């Protein structure tokens, strides 16, 4: 009995493997009913898309293929027409994308916040500070290492803005206490933890990150750490291959009461990490 | 060290359980890599054999270029293919970006120089053995290339394996042109990269061990075939 | 005792009628330079049709080079090779075959080695099958048809090499020390193949160090020394009464060095 059940299981697995090897798997069968969303690693890696997309697919039959890269890269890819929808977090770049004619229009989707994390030892003594600019100055003064994404991502740009506002020329310290990893959020966290460096991350990625070691949130709650995500339908007039109808269906769903509720109900370790704030309602 | 042992245990668990998601990823890895290696052999074997066996102007330059191309960084290949296949690129109309086909194209470009350069070496060595006999029989260039490829076939299996090794372990090119889209273009290496950046280091390493096991199985299968074929033809 | 009557091929017989016996293959002022040295130095010889010409001389004296030049595998730096009175061309080379000092076996079975040579020389279909069978029988390798050629013994490999060359029905067969490393039985078998080929009208050019073999098989003899012809003549005559100092010294087993070497 047991053996035959195990054999049946093995046969089923072989069938799945064979199907994948020979390209018979479901996605390729699902033909044209899919869109490509250019988005950020923070949204993808935190598991948000895996949580909310099945409901959308169930309802509309549209498959959403998410390419998760830094915001800068995502915007460039979309500007090449290699995506139907853009979901990122860099307001200035998003507005420019629309102004340049690559996007139809931009809408707020959700927000969360950035946090500054660091080792338990806290060499710069910034723990529990509520003023991020003061904390940044303290880190710079102490010479404790700080790891930056350095990759043109939304998080990177937000971080650069904070250094500017704090009146510190971080670029001048690059290679010294200021370390630019040129990598995604997760890789940068891994590197920072290896270096014992402070690092700024979006809360969603931080909460779901699996390699925290002795790292803690040091600075949070400053309104300057607000992190807004926006969604843009790529302009089909500019990029004829864009699936405007399917893309619009997705944008509308994300902004709808239902989509917003799906985002609000997503939890990592029991915590809400994205807060829907769409104002434009379809 | 503890986490390394933990990864080994987790890898064993993964292999035992083989859930559908992992199987899908393994299957796509094999499909992309094996297709790319087959395509690379189709191009690289004759190309390498021609450069290795025939005299023509620019031959040594061709050999040099093949050897240099072996060092192509995967990311550069990925970018080149991305620019070709991007909607604004010359082949954008094909709509291949972010599909397994795009990954196959990138890996084929990556592996073809390896297959060609190693084939050139193998064929050249065999040709030094055969050259006088070929000249005496006045074997035509085309027949020379075919005969050398056929007679070197067992060594060329190892060449194909070298190509497989590079392709199956490669992440830089496929993540750019494939986009690492779940259930569509997610393969072993991009999954490992993803899990690493999620901070799931043990799980990522466990996947690495699974990848190693896959490579071992493929190599073992080919080498077993080679050994039995060798017994038949060389005794 | 090995007198099996085998017809090597109609083309050979036809050419034999057409060619003037004294002018099948000629070297005129033949020179070859390599590594800054003149390795073949002004050779003039005639290979006569239907004859067995022996090439002898010390190691490194240029026997293999001369055979390669005559077969058109390498180009002379000066002088020329004439095939039936005209410069050796593709058609002339097509009428020749060579067995190398180190026989080249393809990494294939015995039969596949034969088949490859025949296919390359344009034999197809039933004619190829007939020639394959003939050659296997002639070389007495029938039992080894599917054996990888590279695992054959040295004697078996030489028999296969000779049979493979003869299967293509050449007008001239060059053999470069084909029995150098063979025991007396294998040597006899290879010599027998050469005799049969000669009986079928194939012109033989054989490089050897074996004076006994030269006596047994030779009609004409070319004795070389330091890239030149030291002496030519009827084989038994040269071997019995050598006129050149080089041949005399060699036959007596002395080391002969003159000013030119």
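Which chain is which? They are A, B and C, in the order written, and residues in each are numbered from 1.
Convention: a contact is a pair of C-beta atoms (placed from the backbone, for glycine too) under 8 Å apart; a residue touches a chain by one contact, two chains touch by 3 or more.
Only a predicted model underlies this, so the values are computations on that prediction, with no experimental measurement involved.
Among the chains present, the centre nearest to the common Cα mean is that of B. The interface holding more C-beta pairs in contact, when B-C is weighed against A-B, is A-B. Placing every chain at the mean of its C-alpha atoms, the farthest one from subunit B is found to be C. The geometric centre of subunit A is 79 Å away from that of subunit C, both derived from CA atoms. Subunit B and subunit C have centres, each the mean of its CA atoms, that are 47 Å apart. One finds 32 Å separating the Cα centroids of subunit A and subunit B.
Here subunit B touches subunit C in the complex through residues 126, 129-130, 132-133, 135-140, 143, 147, 151-152, 233-235, going by the rule given at the top. Residues 68, 71, 73, 90, 93-94, 96-98, 100, 104, 106-109, 116-117, 120-121, 147-148, 150-151, 168 of subunit C are the ones touching subunit B in the complex. Remark: subunit A residues 13, 16-23, 25-28, 36, 41, 45, 50, 65-68, 77, 80-82, 183-187, 189-190, 208-212, 239, 241 touch subunit B in the complex.
Every residue of subunit B that touches subunit A in the complex is listed here, in rising order: 18, 20, 23-28, 30-31, 34, 86-89, 92-93, 95, 97-98, 100, 179-184, 194, 196-201, 203.
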